[in-house]
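My questions will all concern the structure given below.
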Amino acid sequence: MDILSLIIFSPLVAMAAVLLIPAGRKDALRTACVAGTLVPLLLASKLWMDFDPTTSDYQFVTQVSWIKSMSIQYFVGIDGLSIPLVWLTTLLMFLAPIAAWRIEKGVKGFMLLVLLLETGILGVFCSLDLFLFYVFWEVMLLPMYFLIGIWGGPRREYAAIKFFLYTLAGSVLMLLGIVALYLCVRDTVDTPFSIPLLSQMIQAKELTGSELINDGVLFGWPFLKWVFVFFFIAFAIKVPIVPFHTWLPDAHVEAPTAISMVLAGILLKLGTYGILRINLGMFPDIAIDFATIGAVIGVVSILYGAFCAMAQTDFKRLVAYSSVSHMGYVLLGAAAFTSAGLNGAAMQMFTHGTSSAMLFLLVGVAYDRAHHREIEGFGGLAGVAPYYTGLTTVGFFAALGLPGMSGFVSEFLVLLGAWEVYPVLTSLAVIGIVVTAAFLLWTLQRVFLGPLNEKYKDFPEIDKRETFTLVPLGFLCILLGVAPQLLLGHMGETLEQIRSLFG
Amino acid sequence: MTPELMAQIGALAPEISLTVAIVLTVIADLVFGARGRNLVGALGVAGVAVALWHLADPAGTHPERVFGLLQFDGFARFFRALIISGTGVVILHAVVFRGMENVSRNEFVPMLLGTALGGSLLVSTDHLLMLLLSLELLSLNSYLLAGWQRKERRSSEAALKYLVYGALASAIMVFGFSLFFGLAGDLHLSVIGAGVAEAWAGGDGSRFVVIMATALVLVGFGFKIAAFPFHFWAPDVYEGSPTPVTTFLAVSSKAAGFGMLVRFVDGVFLGDAFVGEWMKGLGHVIAVLSAVTMTYGNVTAVLQRNVKRLLAYSSIAHAGYLLMGVAVMTSSVGVDSGLDALMFYLATYYLATLGAFGCVMAIANRFGAEDLDDYQGLGWSTPFIGAMLVLFLVSLTGLPPTAGFVGKLMLFQATIDAGLYWLAVVGALNAVVSLFYYFKIARALYLRGDTEFVAGLSSRGIFPFLAHASVLALGLATVWYGLGFDGLAEWVRSSLL
Amino acid sequence: MELPGFVAADSTLLGIGLGLFCVPFLSALILIFFGRKLPRGGDWIAQTAIVSCALASIWLFLQVIVDHGQPDWRWWSATAGLDWTWLSTGPLEVTVGVFFDNLSVIMVTMVTIVASCIFFFSAGYMHGDRDYPRFFAYLSYFCFAMMGLVVVDNLLFLFVFWELVGVGSYLLIGFFYDQEEPPKASLKAFMVNRVGDVLFLLGIILAWNLFGTLRYPELFDRLAAGEFAALPAGHVLAGWSNEALLTLSGILIFCGAISKSAQIPLHTWLPDAMAGPTPVSALIHAATMVAAGVFMVGRMYPYFTPDALAFIAGIGALTALVGATMGLVMWDIKKVLAYSTMSQLGYMMLGLGVGGFVAGLFHLITHAFFKACLFLGSGSVIHAVHSQDMRDMGSLRKKMPVTYGTFLVSTLALAGVPMFAGYYSKDQIIANAMAWGMTGSVAQWIPLVFGAVGAFMTTFYMFRLVFLTFHGAPADQHRYDHAHESPPVMAIPLMVLATVAIFGGGTINPLPHVEDLWFNRMVDQPASAATLGLAIAAGDHDAGHGDDLAHGEPAGHDEPLHEPAGHAEPSHGGEVAHAGDDHAAGHSEWEEALHAAHYPALGISLLAIVLGFVLARRMYLTKATDPAEVSAKFGPMHRIISNKYYFDEIYAVGVVGSLKKLNHALATFDKNVVDGIVNLTALLSRLVAFITGLFDTYVIDGLVNFWRGLTRTLSSVLRLLQSGNARDYLTWTLVGLIILAAVLR
Amino acid sequence: MSPLAALPAMLAAVTAEPAVEPLAQAATGGLVGSLSSYMVVSGVLFVLGVATILTRRNALYVLMGTELILNAANINFVAFARFGGHGIDGQMMALVVVMLAAAEAAVALAIVLRIFHDFGSIDITRTDSLRD
């Protein structure tokens, strides 16, 4: 079995192991889950080492016929776009059970779902067959629904079903798009779901397999444009992009810390990954028509998210909205079709994965101790929890894109790449940087600085477990800020190839 | 007895074994009375097993055409397999079903077998007379089964509603038959098809006859498959009848109805003398019917509190989905793709619904819960059943990695291929709506209530075990056909008309 | 590029360059993690680190001056070998290296020396503080960032360290995190800077788009060669001329300096920043960080077009004046110094803007020392009397002679009294301003006027400060009694700095020959690459820099940038030489103006000093002392003397009162309008945020729940059909039948 | 040639549809009129059955209504068989239908008894405990 499949399915093996452990032995369950998530992390690290950054081709490819009747393949492989996300996924999923150590309710179910979730996410990033892609995409939803719905906060039911409905509404449209594409090439090629093949055929305008293409004008739009839009909506909901974003604050706020971390750290990236891989990689010609719209939406998301975040009084909600703002950069960069823009977008996906995960963990620390998240309710924690404060400061500065930290590199690249194309929009987006800094530092001040709030004069300092979850992320933020080439070097070729699609 | 007569009888082996099982169960009941409950159950299951074994046709040398009335082709085999095996599972559950403890189950089993017999004949015949006979055999048994719980007022009400409705529907259908007979002068579907074509060519008046006949017959079919607006009996009957019967109605009876419908449509309207414009009209009507049905079913299900009733509406919705297949069949292109999708979807629906009702019955046995409010938090007490129920619900919603997803995929594919884009979109959006109420069950099971363990009644013995085993098997099948559905697809493809 | 006759090898240079910011960083790391475990909070680590840096930079400094045994003032610059690829994807490549030239050598020397003094001073000042180690960790971190800012060789990394410096300032201002004020102040400081920084960033991006590189030498070469990259068609700015683009980019870049160097209108953070510990004010908000803006402008000097420079001059002049006026009314000793710093920074910008490259940077250096000294002195005072309000002080000179002496020296230097360091730099600025006025339109006189008035006020408020603090009678006996001279660890740094404040000019000749001043000899004014480049770009394009590129000999191009353009001709060829001629011509005219302006400027500033001093003395010194003696000895004469003082007071009311009114007005302007604008924007953004929030909750969620709502309503309607009445069902069936028949038709 | 050609005319008579030309053609055939009369009868029966079902609330009457419809169908079968002149399919079908009707009636009586026992009446509009 090749390494990629090992990475994808090893969590399932761990699931089997967890199933065998009686529900009563909670620590055993937690440990098993941690072990089960550690394996993929190690494998993915090896993958990172073995990855050949000098080519834009898919690597570690496994392509075997899976379902003959529809000529569906088990077709996995990674390129520069997906490998950072794969690694990030394994890392965060490894941290998740550790972060969720304190959960006492239904531990077994929790761990099982986490493992299932990991398989789903990894599958999406690795699969090169649309059917496979969709299967993993949906497999992800179910565990997420229960993880939010069972272990979440007070309004968890609402948040969970909202998340589920939203994403499903998007993905059924995507399904229609996939089916339509399949019908176009069903008769002409023997691997009608293969993403590389489809992209190549669409770019070469060889989709003549069905009358859909020939006379497929629906409501005044060429058929492929609809397919593009269907895909885009599905991904936009996942990202999420204004105005599809309102599931996000609820989901993030209600979800348990570990899950919020995964949500913000990885799930949002699925959307942007899809946009880069499918909307740009498959339909460049159509993507160009929508570029400006995309950039506008991106900037709107940046500003809108930032302003909303500023208006929040709930610590976690604030962080959630900051995610909306940060993901806007990805869209802006992607819509520019410039080398810098794409690199920035791809890197922003990774950096936001680390920084936002860090923020949610930090919020979780405060919530575990104070059992509320009202920003105004805290104050002067720095006096009682200096290390916690220190880590928070690192996290916040990483999130506000301080130079020397990864956030700056990606945002700078995005702005640099976008400015050539959308000077006005970019100049507006810059406001987002200021506002982001404003609400983050303002929060820092209200929560940690100033006179100590007497209620918390014996506020426990952050413990080893929490520190263990936070330090790697903080380290990544700084490392990639100092040496972004570590990441960009792996992604460069692929992104350059994508950019070349736009002349 | 000429050898080829013997051969023809041999082709009837599954039905014969069912009949034998009926007789044996009745005798066993007479001999042992109430004590013979498990024996009767065992005999019933055994009969089903034998029937299925025959159906698998080890010899494989049976003639397709029997007595000029029955057409034992792959299509028939497919549907017979579904109906008979479904009945078997229902018997398993019925034997352990606590809701029927105060009533005799010993007649129940032969009655069920009788309905199965009717169903399997119904899907095999292409002759109106045989069709009528087997249909009534199915229906009349069902009426009685619906009212099986003597002490239950609701049960008898269900029976009455079913009866009245069914009587009217079948009567109307028979009248339609008579018109068709008049048009063609024969009772064989193929001949009728020719007659219809001729009549359609014959001018306005005779077209009017064709239309009237079609409408009348569609009422009958609409009743059997519970399609809007002929579905009204379904929710009440599903809720009122004992759960095993509900299961049977939702699975076998519906399968039989669709088998009959497809065979009729195929024989009469899609025959050699194919009338384009007429089919176009019919196709559109059926498409609209399907859209309305699925939307109505899903939307109305949203506010239901009773799980059985909820599943009843869901089954209406799924009837709508299945009608998508018929719509594709009758649309200008893709008779085969439509039928293919329909049969595949039916199989997946069969797995999921059977499993879901199995879980519902298990929960009812254990906690006596049938309403969502009583379900709260039960998932933590029966992790296995709870998880399985969720799995089946996922399949019914149509999410990967379950068979239900593939079924929907097939349907959408066929629909888009046939150019019915709007229908595909309606179907997709309906999937979202359906998620909303299916997951009310999941929510009640896991998200609501407290996680502590509720003991409930435990049930020992071979039959409970078998019942659970069947649920597990169905669950595995659901996942298996969700991930590797080649086998099923092959079977379906080889079973097309 | 190799170093002309320079003894140190690349590797040495590189080692020093990296060491300069790595060593403080290491000490910062050690202190933040192990500080509490170390003896004496590990301050010795930080001190060792910074002192070693200081020694290294001094060595380098001497290396630059002394070459082959005898002084060789020749300008040199070096990218010290390092060429690290920071990121490189596709066409995009950003490399970074260490870059030294005389300017940066001088700068690091200044920074390290001042920092060393302050590190030692802090050991006394912060003694016994709960977070003693953290303080030194932050200080070290700040030094790391500051060094990086100076030694990197490209604009992007300058920006990186620029922000890191800002963080250092944020951390240090908010050092007393558990009080009410400091966190707010630090937040304000960071945010105001952020505003300038994003504009700076846009400027950088524009520069990148114009020249495709951010490394100084390449950048200036391409600029000088007029190699402007065309913006993509359809770009908003595509229509602009190169000059306009260059100016825009220059001004945007300067915006960074506006916030960092507390120029109008982004200066409001600086006074609040005084909430931080005094050594921090001395290091960051007097000597180094705020000067970073000036340094940046100097570093990018060839990049600025005349228009951009004029803009800089205008801002600088305004700041110089407004800052000084506000210094007059403050009672808080540190606030006075803060506004003084602000106005001095204005001077520097003014100097740079009017073309006084050397003057501005020279003032940057000298000012750093004596202003640091002043702050430390005030710190020592505050340390002694535990108050920052000058009205609680007085007569401290007896108690703390060292502090007084050093403070006085620095005051004189700041006032620009001849023979003190400040005199030599400040006069050059005034002279340059005057020359600018002479060589240009009327409006170009404004800097001179503002500068002169500012100089007068500077003297005034500084002496007011000195008198109120160290002279006169103790205002608060209790405090006075407990006041004491600071320990040597604090006193010695003061002396060191004071010494530099005296001899920083490199001479004590009151009438020096400007060209002979060490700084003027070390630092040459670079020719404006902008002028050259624009001239070339204006001329025929392909021929011009086309073959320049072909030959691709950078030396030919960066010579003129660093040599006095006057005698730059020989090294040029082709268009460059031509442009160089114009430039040289313009320059010589400028030289004359400067020469002519020299003595008048001197006169003006002397006048300003005298005026200021006299005024201050009469108001604060004599008025303060007399009443005591008089009331003690000569009761009868009391009235007369007091009458005499009526004069003073009338005078005071007459002149100073109106001045004060003006200042109050300005101060209120500052408080209400400028801060008001800041608050208003904050308010607005909160408002917008609120509205968006509402929108989110009601509209979008509304859309979301629309489906659910629709489904539910439909559901509740449709279920009415399911009446449970069998006959209704039958009816429906027949209705259905009819409908079917109808539609089938 | 089966009576198909004539059929429209007869149905036209039933559904009061003016179709002149077929009638004329029908006039040539010998037995046409009588077939049409059968058709009329069956049509009337059908309508009566429907009317019964819609108007009566007593379960038994409703079922009788369905019987009427069945019988209408029977008449059709027999008539078509007789006039169409192909075999005895029609008659067989009619017999089967009668038989089924009997069986149905048996079942129906059983159920109706239960209803009477449970609800105290056999009014189909009263049995509405199962509803939304």
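Here the chain labels run A, B, C and D in written order, and each chain numbers its own residues starting at 1.
We take it that a residue touches a chain if its C-beta (ideal position, glycine included) is under 8 Å from a C-beta of that chain, and two chains touch if they have at least 3 such contacts.
Source: prediction; values computed, not measured.
Asks: Hey, what chains does subunit A share as contacts with subunit D?
Replies: Per touch definition, common to subunit A and subunit D: B, C.
Asks: For the chain pairs B-C and A-C, which is connected through the larger number of C-beta pairs in contact?
Replies: A-C
Asks: Can you work out the whole-Å distance between the CA centroids of subunit A and subunit C?
Replies: Inter-chain centre distance comes to 40 Å.
Asks: Just the number, please: Cα centre separation of subunit B and subunit C in whole Å.
Replies: Each chain's C-alpha centroid was found; their separation is 81 Å.
Asks: Once you find the CA centre of subunit B and the CA centre of subunit D, what distance in Å lies between them?
Replies: The computed centroid separation for subunit B versus subunit D comes out at 28 Å.
Asks: Rounded to a whole Å, what is the gap between the Cα centroids of subunit A and subunit B?
Replies: Taking the average C-alpha coordinate of subunit A and of subunit B, the gap between them is 43 Å.
Asks: Provide the list of subunit D residues touching at least two other chains, using ranges where the numbers run on.
Replies: 53, 62, 124, 127, 129-132 - these are the residues of subunit D that touch more than one other chain.
Asks: Would you give the residues of subunit A that are in contact with at least 2 other chains, written as numbers and ranges?
Replies: Within subunit A, residues 165, 169 contact more than one other chain.
Asks: Residues of subunit B touching 2+ other chains?
Replies: 160-161, 164, 168, 172, 208, 212, 235-236, 300, 432, 436
Asks: How is the touch graph of the chains shaped: line, ring, star, complete or other?
Replies: Topology of touching chains reads as other, fitting no named class.
Asks: Among the chains present, which pairs are found to touch?
Replies: A-B, A-C, B-C, B-D, C-D
Asks: Which residues of subunit B touch subunit C once you look at their complex with the stated criterion?
Replies: 160-161, 164-165, 168-169, 172, 208, 211-212, 214-216, 218-219, 222-223, 228-230, 232-233, 235-236, 281-282, 285, 288, 296, 299-303, 432-433, 436
Asks: Tell me, which parts of subunit A touch subunit B in their complex?
Replies: 66-70, 105-106, 109, 134-135, 138-139, 141-142, 145-146, 149-150, 156-157, 160-161, 164-165, 168-169, 172-173, 175-176, 179-180, 182-183, 210, 212, 218
Asks: Of all residues in subunit C, which touch subunit D in the complex?
Replies: 719-720, 722-727, 730-731, 734
Asks: So in the complex, which bits of subunit A are touching subunit C?
Replies: Residues of subunit A touching subunit C: 162, 165-166, 169, 243, 245-247, 249, 304, 307-312, 339-340, 343, 380, 382-383, 390, 397, 402-404, 408-409, 412-413, 415-416, 419-421, 423-424, 426-427, 430-431, 433-435, 437-438, 441-442, 445, 448-452, 483-485, 488-489, 491-492, 495-496, 499.
Asks: Which residues, counting only subunit D, touch subunit B once they are in their complex?
Replies: Touch residues, subunit D against subunit B: 2-5, 7-9, 11-12, 15, 17, 19, 22, 42, 46, 49, 53, 59, 62-63, 65-67, 69-70, 72-74, 76-77, 80-81, 84, 86, 89-90, 92-93, 96-97, 100, 103-104, 107-108, 110-112, 114-115, 117-119, 124, 127, 129-132.
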